[in-house]
Structure formats: structure tokens, C-alpha cells
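Note that the chains take the letters A, B, C, D and E in the order they are written out, and that residue 1 is the start of every chain.
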Amino acid sequence: MFDWKLALEAIGMVIYATFMGFIFMGIERKAMARIQRRIGPPIYQPIIDTLKLLGKKESVSHGLIYDFGPVFALGASITALLFIPIANFQLFSSNADLIVVAYLLEVPMLGIMLGAMSSGNPYSALGVQRGLLTMVAMQLPYGLALIALIQHWGTFKLSNIVALQQVHGWSITVPALLLAFIVFDIVFQALLGLEPFDIVSAPAEISMGPMVEYGGKHAALLFTQHAVQLFAETAFFAVLFLGGASNLLELLVKQIAVLFIAIFVASIYPRFTIDQAAKFFWKWPTIIGIIAVLLTM
Amino acid sequence: MVSVLKRSLAIITLLIIGYWLAQGLAGVPFGQDKMLVGHYYLDHVKEQTGAVNAVTAIVVNYRGFDTLGEVTVLFIASTGVGALLWERKKRRTAKTEGSIVLTTGTRLLVPFVMLFGAYIFIHGHLTPGGGFPGGATIATAFLLLYMAFTMYEIPHKAFEKTEGLVGMGYVIVGLIGLAIGGYFLFDWIWQTWGWGHDNIGRLFSGGFIPIIYILIGLKVGTELSGIIDNMLKEGVKE
Amino acid sequence: MNELMIMLFAPLVAGFIAWALDVRGIREAVGVLGTLVPLGVLAKYYSTIAGSNPEVVTQTITVGGFKLIFQLNTISWYFATIASLIGVAMAFGMVSTSRSSYEWLFALMSYTGVLGVFLSGDFVGFFLFWELMTFASFMMVLKRSRHESLKYFVLSVIGAYAMLIAIGILYAKIGALDFGTIRQALYMDAMLGSISKSLTALVFLLFLTAFGVKAGAVPLHVWAPGAYSEVDQSYTAFFSGALSKAGAYGFLLLYILMGAKLVAALGIWHNHMVFSYIIAWLGAITVVVAGFLAVLQEDIRKLFAYSSVSQVGYILLGLGIGTPLGFTGALFHVLSHAVFKGLFWLVVAALVLRTGKTRFEDFGGLAEKMPITFAMSLIAVLSLAGIPPMAGFASKWLIYEAAISAHMPLVAGAIFLGSALAFAYVVRFLYAVWFGQRPSDLEDVKEAPLPLLIGMAILAIPNIVFGVAPGLVTEYLGKFLGNPVGGNYYKLVTPTGTYNALLVAVLLVFGLAIAGLIFIYGAKTRRIPVTNTYQSGNPVTEDYNLSMRRNFYRPLAEALDFWLKYSWDRFYERLAGIAEDFADFLREGFYNGNVQSYAWYLAVVLLILALWGVL
Amino acid sequence: MSVPNISAFYFGAISLILIGLYAVLVKKNILKMLIGLSIMETGVNLLLISIGYISGKSAPILSEGIEPNQAVDPIPQALVLTAIVIGVATTAMTLSAAIVLYKHYGTLNVEEIRRLRG
Amino acid sequence: MNGQYASLLIALPLLGAFFVPLIKGLGKKAIKTYVLIITAIQTGIAAWVFQQVYSTGKPIIVMAGGWRPPIGINLYIGHFAALFVLIVAIASFLMAVFNFKAIDVEPIDKYAMLFLLLMLGATGMIATGDIFNLFVFMEITSITAYALTAYNKTGEAAEASLKYMILGGIGSSFFLIGVALIYGATGTLNMAQIAQLAGNIDPTVAQVGLALIVFGLAVEAELFPLNAWAPDAYQAAPHPITAMFSAFVVKAGLYAMARILYLMSSVGTWHNVLKLLVVMATLTVVVAEFSALRQRNVKRMIAYSSISQVGLIALAFALGTQAGVDAGVFQMINHAIIKALLFLGVGYVAVQLGGADIENFHGLGRKMPVTAFGITVGAMAAVGIPLFNIFWSKLRIILATVEAGYTWAAFLVLAASVVEAVYYFRLIHAIWFEGEGERISESIPLVAIVVALVILVVAIGIYPNYLWSVSQKAGSDIFNVAQYIKNVPLMGVGA
């Protein structure tokens, strides 16, 4: 019963996604540098960093849960990835719908939190607190955007949504869903932990937030997780609002487009403090979200 | 200022209540014959109870139960007063001896007053009045003695015993009625034994009414004087 | 006496025996036995209830002129089994945490009360066991604190009496008390409309208060934190696991008995039944408000109390949606909430038993000391936060499906916010209790005693089993809801979405495998104790024990300070104060000791009689 | 709302009752209240008797000269006999209570006798 | 032993009371045992009468003096009277046992007499079939009550009894006016005949007469504005007497009111008398409950609670429906049991620990466990917790009230019973979970009584069927006036 074709596709997709994830991280750093009129590292720099971290002779660990955290995070990201219909590979998306994927995208957060908390470092605890608060803050608009989407298309299944978008045109062409797109875009910043909402791992303040205690292969795992997460998020964004893609190349273009929007926004805005972020999320994005939802009722 | 308001308010309230009562009484016209059970009593009192005085017949025979209750009420009153004013040792509070007129007058009058009281309750079934007025007159005799002499005290131990005995007597008469006639307070003398049927209107008639009235007379006399005795005394601080 | 009665009164009798004997060993044994009997009887009846030709088991007894009907149909079997499952877990928990026979008596009495509520087929029995349940749980709280217990009792008695008046009105209008006749009469009445609209609204409001208090809907949730935390914690597993479900059962009963009539009376608005829309919004507000309050708590028991209120809010929300899918989601959440909340409370019981502390700042770093309890709490955390392979997620997913497909977007938005808050306060619990630096006085903490661990295991297994195979529950619930959810044991298929629990679990394992491989191929790791992190090797002394256990979510509190000014608690305290002052005023005013004024009262009555007579 | 035309006896009885009630309602001294109480009782007794009276008929003593249909209604008279004794009993009890009260409180003013209240 | 021997119910206590002065010299203990024996015999007779009436199903008509009603006075011992005379006898017997411990103020012989006559008064009020005889027995009960309230001879006792006397005096005078009016209109004093003639008497007279009689009896039955004397009387009276007050004295007044109310049901303005009574009864419940909320003296608190529960019974009677009356009777029986239990417990604590203030009740669970347990069960039953007896009767009353259309009354009554739950559970908390103290020995007979009453309360709570059937029969005895008239062998008297 175990169909080999699907398994191979899955493994291939995981490798492709990891690789492309690192490239996206590279593009992100490169574009940010370019905007700030400096050269910036080559786009394959993250791959080199990860391999360097993996190659370290010895890695420090603070107990079982400290190790289990990053492993669980990466595993969850991979699972989430496999449920998103990427270009023409349906993978397992027929078995889960939008809500399941949205939740699976948030599960890695728990893995990172577990690891960070068990490290015993107060800064990582501070990072955990900020990460959680951001998640709480952005959850409402995030939900409203998804609900508007579901109500408009009338189905939860990602594959159906992609099919419908092929037929009726992309989601952003619908005015109500445009509002949802804007909300989702703002929330997307927080999901990726980019500039206005990167308080979670605020580099200047608490150096990498929750990951402060991580080094060696734990850091490598977290970097891979971040890459897969990045790829999955952008793919998810593309599937929902930009009508998915018939082939990988078209998907890649859309993902990079989304990425660039995020990078431009990130490079302009200063950092919000946590309660400012919460207040902000509960003001404008929520209002727009509610309008979008009421329009699509 | 408040009391004037209160008084006027009271008057208004009472007038309205009075008007309401008057309206109610208007439905019961004064002086008309409203009797229903009364006629039966008047027609049959002679041959059923042998008493000439219908009121006494009703009080003792027809509605004997009321009177039994009535006697209990007075008994409760005297016990209650006794209980409330009870002191271990009590003595009279009177300071001044009665004047010559009073003392000699009492010495002369007391036996006659007592006799008259006895007369009232013995002839209860013939003449107006009965056990209660008779007993009250006897009590006035004792009151006279109290007013006249500062040291006089009624033998209250003996009086309490008589009260008890006489009360029991009344109930036993009722129980005999139950035993003989099958009904509590049944006038077995008049109904079953049929004594005194021939001399209605004379002393030995009226079934057990005279007996009961004698008992009531003694009881009321002792009780009222007991009450007077309790009230006229003060506790002795040992 | 057929099994139904044995099942119903076994816990009560066991409670009395345990209370009377009061011998250390026997008391626990009798207690546990008392809780096992109902579970056994229910298991025996599973085949008749859920078998091929399901038939309802009924038993009627006449008590004091009332005919009490006890029936076991699919719904009551479902609720009764959940309650008895939690009951057994509670009994195992109480074996190690409760010292006095007083607690055994009233715990088992409340157990009979809950079973009675679920099994009774007429309003008198329902009201009797409802009062019994409230009274028994109140006595458990009375032992520990007067203020909290009185607050709990007054609110739930107000609810019970509101229900009594509603029952009275129905009895006056229909003349019968048993559910069958009432349901039939109200169904007919929906067309005829002999019961007026306003009267139906009044009855609905009264029932809403009664069941709202017990389920802990927002305006009436004030008793929950106090009552849940002031009781022997393993009993709270039952208190919040099973007793709050009586409230949910009440709402379900409302639908069954008066559904048609309420729709006819209160009408439809934007194709939502008005009365169910009210219940949905009640649930949504409860979820959000209780979630925010839970996040800001400093005491571990208060946190879980508010979290329990918020989770019951989900159930109300599910019921409020009104579609068969909504009912399935709500009833599935009844099971999952009972199971993971029961587990949490047993974990709290273990913590309180071993450390004797209840505030977050006193805990820390217990993961090594109590590994099994930590593992159990991790399962409970995953389930409550709604991480996919767990039962919590399955029921929450169903409620999402129902809410959005029933076009109730804002309510669905509330669930999103609620589940995020759930995630936040559950992770906060993990951090404050299990990780970080361990305070010195917790060094000698031992693992929880065996019976407590058994209790936890009893509740942990269903979490996983129903998480991976949610079809079992939806297929059973489908029996009386006209199976809105298709798919087999491990895959839920609704008209608008699917969720393959087994596949998610398998892929999660697959992902972990990949990550694990990467981890193993990396360098070998050197184990360092938690203490020498930011001190670069120097031992972390007590005063340097920097940890963020106290007011972990201070920024959120600042963001919400506008809303936090108002508190329902203070509002009710003021109300009670006003009532007591009114009582004093009444007493001083009326019985002022002066005979004359008493005589005046008589005169006034005479005046009233006179005026009324004269007019 | 016509003023009801009732006979003098009823009017007398009702006014006695009202005067008694007035005393109880207004007077401050306990003894005066008790006197008011006994006035009321006498008023009631008078009312009871006057209800039984039939104008132009004699007392219900059926000695030789008087026929049954010439007698007044005997029942109220029997009732009054009991009511008077009850009146005596109540007054005796109230007075003895007043005596005990005075011994303990030292005053008979209704305002001051208020230890038991609330 | 034909029915007439039921008159022993009245004769025996009377004979016993009159006999007491003769044995005065034998000392306190002898008198108390004497009272115990008399009440025991009375219970025996009452049980015989109860068995007689309930087995044959026909009421016993005792005709005093052999005269058939309406000529003579008749005692109508129907289902209700038989039941309640038994309750009066049993309660008096229990309190006679309590006398040994509770009474040591001096004139014990006078106390014994008053004790027996109080029992007599209540029995008479319940059994009588004649309204003036009802007045006499009401007077017997009230005057004994005045005397017994003032029995402790303290300042408070005298004050309480004076208040009771003045209000009782006014009440009974107006009752007598009512009787006079009814006699003036109908010409008879027998209740059955009045019921027959009530239809065609002048409506204003009937309205005034009925209103006055109900007013007079309402003072005795402690309805709202008229019950100002009750808390003081309950608090100041000796403990066994307070128990008797709340167990049956009040109820005798309430029964008499209900009996006359339903007899005159054919009077035109009957329905709005009922409405007024419903309002007064509900106010009684509410005011009494609220006044009990912050009581420092536990005895006064339970007095208020007893007044409010009696108000509940009055509400049940005032509904005017068969279900209401049955529920009222059922509540009467249950209330008698738990109030006897509560006052016995509180009284015994007051005797042992000196005074009934809440401070003495702190840690009572450790000092006097059995009494504390009795009080707790009594309190829990009073609140209406299931598995206790009041739950069933309160449920019946509420259902009957709502059925009769007085939903607002049911609402107020239930709000009041929430208040009742608060102050009772504060008491329970004070008893069991506050304060400390070492064990004090408790007297065996009282412990036996407390345990017996507790078992009774729980037994009725678990199996109320028998008592409910009894109260249904008793309820129909009051409500079904036509049957009452048929039972009484009226002579065809009249012009």
C-alpha cells in the first residue's frame, strides 16, 4: 500500500525546500545589505554557516529537553511543509486542510520554546516571553485573514483553493480578499520574525533571543528549521493568495516576490516593543480583518 | 411636633377602621331576631337540662367545653401571675393599718359577702349569674380583708391545693359523664338518672349544673384571691 | 434494583461507608471501588447503547409522589462515561492526596450527583441531583475557605433556583415534568404558540443562568477560580472535568427539549437561530476573557481554573453554532477538555502534594526531579494547546470547521485568539514549573506517589488515543447527530475539509527522524548542568538566580490595562455588600423594638383591610 | 359611601374599641396602653352582647312568666361570660409582666424598653 | 373504645395540670418526670387516634356533652387533626425530656402546669369544630405562651412577653369582633354550618368578618407585619418552649386560619383575601430571611428562619389550590421536625456553654460533636438540600406557587432561601471549621433524641412517599369543604 512515488517526492521536496530555504535566507541578507548600500554576504552564505556549525567538534547540551527542542521544531516544520501543495506535487495536502497547516506552522515555535526554556538562560526566557506575546498578538488578525479566505472560497482544502484560484483568478483580485492579503502580509512579517516585529530574536538586545544558548549542531538544526519554515511560509502565502503554481519555477518567482515585499517592509520600519506590537496588531490589522470577514460572509 | 402628627394620623386611621366596622355591622341590623341555634336552646332548655336560666344551661351544659376552657384560662392566669411574681420569701407591702371603720366593717361584712357569693353560684341555674360572679364576690371578701389588715395573708398553699382539687373535680365530672353517658361532659344526672325532673325552677333541678357551678365558684374565688395575694406582696432580700 | 440504580447510588453508598469507617486503608479502597462500579456498568451497557439496534435503558421509581425516570441513551451514556472516567482518575488521585473521610464522602456524593444529572429523564430527578452535586462540591470547598465556598454556593444556588422557576413555569403550562412529554408538548406548541414569546424568553433566560453558572460562562464565572483552587486538587480534576460538563449537558438539553419552540419564539437572524447565536457569543466571550485572565495569573491553580472556564467556553461555542457539526465538535471537546484538564489538575495535585507551594515564583526546574509527572504534563500541554496529533486539536478543529462553515466569522476569530492564549499560558506553566533554575528548598522533591501516577496515566492515554484516532468519537457521536463527520477511525472528513490524524502523526515521526539523524551525525554533546550558563562557569548562587517566573506577561497586562480595571469579582462583592446592608436596614427599620411601632403595624394592616373593604 | 345608619349600641361599642386602640397607639406609658387594651376588650364585649339583643324582649331566664319566644338570644351572653373572664386573665398577666419589667428596667416608658430589637 | 374517648386528648392534659399543685411538695425532679409521664400517655392516645382515623378513613367527631352539632361543641378530629395532634404530643414529649436539662428557674410546678396547658391549647385549637371554642383554645395557648415567654423573669423576657401580650390582645379582640359578626350574620357558631350558610350571607358582613378573623389569626400565625413580637418571644422564652412555639403553636394558628379561610370559600370576596395573604406570606418569608442574615444570637437567627418557613407554609395555604394545601401540610410536618431538632440543639448548647451567641458555636464540632451534627443536619435540611426532608416539601410548594400563577412570589421566596443558605452555611462553617475546644460530655437522652430526629429527617428525605400520602389526605381534609360538611352530623336546626 505504501506508494513509493509519494515517499520519493516527499524526500525530494524536503531536500529542495531546505536548499531553497537557505537561498531565501541568503537573498534576504543580501537584499537587506543592498538596501543599506553595502555588498553583503553571497546568497549561499547560510549554507556555509550551517555546514560550519555542523562540523564543530563539540556541542554543549543542557539536558534531554534542550536537545529535543530543536529536533522537534525541525520535525514539525518538515511535517507542515509536506501538507502544503507545492506547485504540481500534491504531496499529502489532500489529507489536511488550511487550519491543520496553519497550526502545524506554529508548532515549531513550541519546539524552540521548549529548548530555550530548558537552557536556563534568563535571556532565552525573555525571548520565549516575547515570542509568545507576538504570537498571541498576531493570532487574531491571522485568523481573520484565513477565515475571510475560507468564507470566500467556501472550502478549507488547500488543493481546492488552488484549483478555484486557477479558475477564478488569484485571491488578491477579489477586493475583500485584498484586505485579507494586506492583513496576512503584516502578520507574515511577525511570522518570519522580520524587522518591525523581530523583537523575538532582537539581535542587538538579547542576541538571537531564545536561541542565545544554542551553539554547534543545535544552532545548525535551528538554522535548517528556519530555512524550511521560511520556504513553507512563503509557499503557504503563495498558495493562499497568489493562486499556487503549476510548476516549481512559477512558485519560486512568487515566493521571492513575497519575500521581497517582506524585506522592503523590514528594512524601513524600526522595531516595535512588545506591548506596542500587541496594541498595533489589535488595532488596524484586526479592523481590516473584520471588514474583510464581514464582506465575505 | 411629631406626637401631634402621630395623634392626627392615629385618629384618621381609626376613623377609617371605624367606618369599615360600621359598614360591616350595618349588615347585622340591631334588635332583629337573628337567632338560628338560639331558638332551639330557648325551646328545649327546660326539658333537656332542667335549668331555668338559659344562659347558664348553655354555658355549662350545651357549650360546657367552652367553660372547661374558660376555667383553664383563669387557672393559667393565676399560675402565670404566680410564676412571674414568684419570690422565695414574700411579705405584705401594706404600711398603714385600715381605719377603725374599715377594720370593724370588714369583720362584720366578710362572712355575709362570702355567703352571698355562695348563694350566687349555688342558684346559678335559677337566677342570673353563676360560678364566675359568685367566685368574684368571694374574692372581693378576701380583698376587703387585705385592705383592712396589714398582716392578713390568705393560706396560699391551701388555696393552690383547692384550685387543683376543684379543677380536677370538674374534669372528673366530665369523665364520669363520658363513662356513664358515653359523651365527655354528659349531664348524666339529668339525662340518665333523671333526678329533679319534677321540681324545675327549684333548687334541686338542672342536672349537674349546680355541682359544676359550685366547683367553678370555689375555683374562681381562690384563683382571684391568689392573684390579689401575689400582686400585693414584695420579695424579701435575704 | 437493576444496574442503573446500582450504578447511580454505588458512589454515594461507598462515600457513606468510607465516611463511616474512616480507617486509612479501607476508606481508600471503598472509595476507589465506588468509582469503578459505574464505569463497569457503563461498559457493560456499551453494546446495548451503541450496538446494531440501540435501545434505551429506562428505570422509573416514584419518590414523594414524583415519578423519577432514569434513562441511558447515547448522549447520557457518553457524558456518564466521561464523568466516570474522570471519577476513577480522581479516586486514584485522592488515594494519595486526601487525608479525611469528609472529603471522600462529599467527592463521591458529587459523583452520584453528576451521574444522576446525566441519567435522569425528568426535571425533578434532574433538579434533585443537580442540587446534590452543587451541595456536595460546595461542602468540599467549605472545608477550606468560607468566603470562596459561599461565593460558589450563592451563585450556583441562584442558578439552581432559576432553573426551578423555569421548571415550575413549564410544569404549570404543560402539566408534566418528564422530558418526553415536555419535548412533545413544546414541539407541538412551537406551531400553536400557546406559550407566549415573552414567557419562552423568560424560561430560556432562566435556563441560561442556571446552566451558565455551572458551566462558568463569563458573567457568572466568578466562583470558578476560588472554588477550583480552594479544594483538594485531585478532586478539582473531577470538579472542573465533570461538574462543568453538567452545565454543557444542560445547554444540550435545552436544544433537545425546547429547540423548536425557542426558534419559533425567538426567531432567526441572518440565518442563525437567535437563541443559539446568544449561546455562541456567550461561549466566545468566555473563551477570550477567561483566556486573558488565565494568562495573567500568578497562582498555578487560578491559572488552570480560568483555563478550565475558557475551555468550557469552547464547548458552549460549539453548542451555540447549532449545526450537527457544531454539536459534534462541542461534544468531542467535552471529552478532550475533561481528559486534558483532568490530567492538568492531577499534575497540579502532585506538585502541591510534593512541594506544598502554589505560586509560580516558588517553583522551578522540577523536570529532573519529577520526570513522569513532567511527561504527563507535556502530553496535557500538547493536548490543551491543540498541537495536531492530540485529542485537543481534533475537537478544536471540528469547532473551527463548524464555526466558519456556519458563517460565524467573528466567533471563529475568538477561537483563534483563545487558542493562542491557551498556548501562551500553557507554555508559561511549563517554563515556570519545570524549567529554569531550581530554588534551593525544592532540592529534595520526590516523584509523585504511585496512585496519583496511575490516575494521570488513566487520563493521559485517552488524550493520545483519541488524538490519533478521532474517528472513534465522531463515529459514536454520529449515532444521534446523523453523522455529519465522515471518514474512518483516523481520518475526519467534513463537507469542507479533512484531517488525517494518523498521517500527521506519521509525518511528524518522519520529520523527527530526519532531524534526529542530522542531530546524531553532528558532534558528540557534552552535558553541562543548567546552572553554569550565563555565569561562564561560576556557580549560580541563590541571589543570582535570575528567572522570569513572576508576572511573566507583564507587557500583555500593560497592553490590556484599560480592560483590567473592570473586574466581575469586585462587582459581585459590591452587590453582596449592598444586599447585606439592605438586610441590616430592613432589620433595624422593621424590628426596632418599640411595642408602639409594632402596634402601629397592626393598625396599618387593619387600615389596608378597611380601605380595601370600603373601596 | 353613605354613612351606615347603625344603632347607638353598635356606635358605642365601636367607639369604645377605637378609643382603646387609640390609647395603645399613642400613649407612651405601658400602663396606659394596658388600660387601652382592657377598654377595647370591654368594647368588644359590649358589641357581642348588643348583637344578641332583640328589641322588646327580656332576659333568657325562662322562669314561670316568660315564654321561650319572649327571650333574647342567650348565646352571645354565654360567650360574653367567657370573654370577660379571658379579659381578666389577659389583664392580670399583662400587669404582672409590667411589674417584672419595672423591676428590671426602672421605667415604663415604651421608648426605653427596647433591649430586644434588630 | 368508641371515638368519644378521643376527648381524653383534652381531658388528660387538663387533669394532669390540675393535679400538679397536689404533688408540688415532691421536688423538681418528680414534677418533671410527672410531666414526662403525662406527655407520654398523651402521645399514646394521640397515636391510637391517628391509627383509628387513618385506618377507618373516617374522622372522629367528639360531641361534648352528648349534644349533636350545632347545638353542642364538637371536636372534628379528621386526617389533619389526628396527624397534628400526634405531632404536638410527640414534640411535647421530646421537650419534656429536654426540660430535665434546660429548666432550673424556680417555680417548676407552675412551669409544669403551663407546659401541659400549652400542649392542651394547641391540641384544642387543632381539634375544635366551633369558632368560639377556637377563640377559647387560642386564648389558652396565647396566655400560656405569654406566661412561658416571661418565665425566665429577666428584663428581656418580661419585655418580650409584654410585646406579645399587647399585640396578641389586639389580635384576639379583633378576632372576637369577627366571630361576633359571623355569628350575627349566620346565627350559629359551628364551623360546618357556617360553611353551609356562608354562601348566602350579606357580602359586606362576610368580607369584614372574614377579614377580621383572618387578621386575628394572622397575628398568631406570624404573618409579615404582625409578627414583630415573634423573634423577641422566641429568643426570650426558655429553650424547650421556643421549640414548642415553632414546632406547633404557630402552626395551630396557621391551621385555624387555613381552616376558616377554606370554610368561607363561598364568600364573594374570597379570592382577593387570598391575594392579600399571598402578598403578606411572601413578605414574611423575605423580611424574616433578610433579618436573619447578620444575627449574632443563633437562637434569634433560627427564630427568624422558623418565621420565614412558617411564612412559606402560609403562602402554600394561601394559593387556594389542592396542590398548594397538600404541599403546605407536608412542609408543616417537615418544618416541625427540623425546628424541634434545631432549637433542641441550640438550646442545649446555650445551656451547656452559657448563652446562644455565635461565639459559643465556634468549634462546637469538637466540643459537642453529636449536637453539632444534629444542628448541621437541621440547618442543611432547612436550606432544602436534597436527601433531606424539606427539599421535597419546598419543591412541592414552589411548583404549586408557580402553577397558581404567582411566579413573582416563587422568585422572591427562592431569593430569600438563597439568603437562608448563606447564614446557615456561615453557622455550619463556624461550627466545624473555626475555633477549637475539648470534648464536653453530652447527656444521653438528649443525644438519643437528636440522633432519632436526624434519622427521621434523612429517612423522610430518602423515602418521602408515606408522609406525602399522609399529607395529601390531611390536605384534602382542609381543602375539601363539602366532605367536611358531610362528615359533621349537623342537626336540621334553624328557623
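Some notes on this structure:
Operating definition for what follows: a contact is a pair of C-beta atoms (placed from the backbone, for glycine too) under 8 Å apart; a residue touches a chain by one contact, two chains touch by 3 or more.
Everything numeric in this text was worked out from a predicted model, so none of it was measured.
The chains that touch chain C as well as chain E are B, D.
A count of contacting C-beta pairs for A-C and for B-E identifies A-C as the more extensively joined pair.
Chain centres here are Cα averages; for chain A and chain D they lie 98 Å apart. Work out the mean CA point of chain D and of chain E, and you get 28 Å between them. Taking the mean of the C-alpha atoms as each chain's centre, chain B and chain D sit 17 Å apart.
Per-chain Cα centroids separate chain A from chain B by 107 Å.
Within chain C, residues 587, 591, 593, 595, 599, 603-604, 606, 609, 613-614 each touch two or more of the remaining chains. Along chain D, residues 17, 21, 24-25, 30, 33, 47, 51, 75, 79, 82, 86, 89-90, 93, 97, 100, 113, 115-118 each make contact with two or more other chains. Touching of two or more other chains is recorded for no residue of chain A. Applying the touch definition to every pair of chains gives A-C, B-C, B-D, B-E, C-D, C-E, D-E. By the touch rule above, chain D contacts chain E in their complex via residues 17, 20-21, 24, 30, 33-34, 37, 40-41, 44, 47-48, 51, 75-76, 79, 82-83, 86, 89-90, 93-94, 97-98, 100-101, 104-105, 113, 115-118.
Residue ranges on chain C touching chain A, taken from their complex, read 295, 365, 367-368, 385-388, 393, 397, 400-401, 404, 407, 409-410, 412-413, 415-417, 419-421, 423-424, 427-428, 430-431, 434-437, 491, 496-500, 503-504, 507-516, 518-519, 521-531, 533-534, 546-548, 552-553, 555-556, 558-559. Residues of chain E touching chain B in their complex: 2, 4-5, 7, 10-11, 14-15, 17-22, 24, 62-67, 70-73, 106-107, 110-111, 113-114, 117, 120, 124, 130, 132-133, 136-137, 139-140, 143-144, 146-147, 150-151, 153, 158, 177, 181, 184-190, 193, 201-202, 204-205, 207-209, 493-495.
Against chain C, in their complex, chain D makes its touches with residues 1, 21, 24-25, 28, 30, 33, 110-111, 113-118.
Against chain D, the residues of chain B that register as touching in their complex are 3, 6-7, 10-11, 13-15, 17-19, 21-23, 25-26, 28, 30-35, 37-39, 41-43, 45-46, 52-55, 57-59, 63, 66-67, 69-70, 73-74, 76-78, 80-81, 84-85, 126-128, 130, 132, 201, 220, 224, 227, 230-231.
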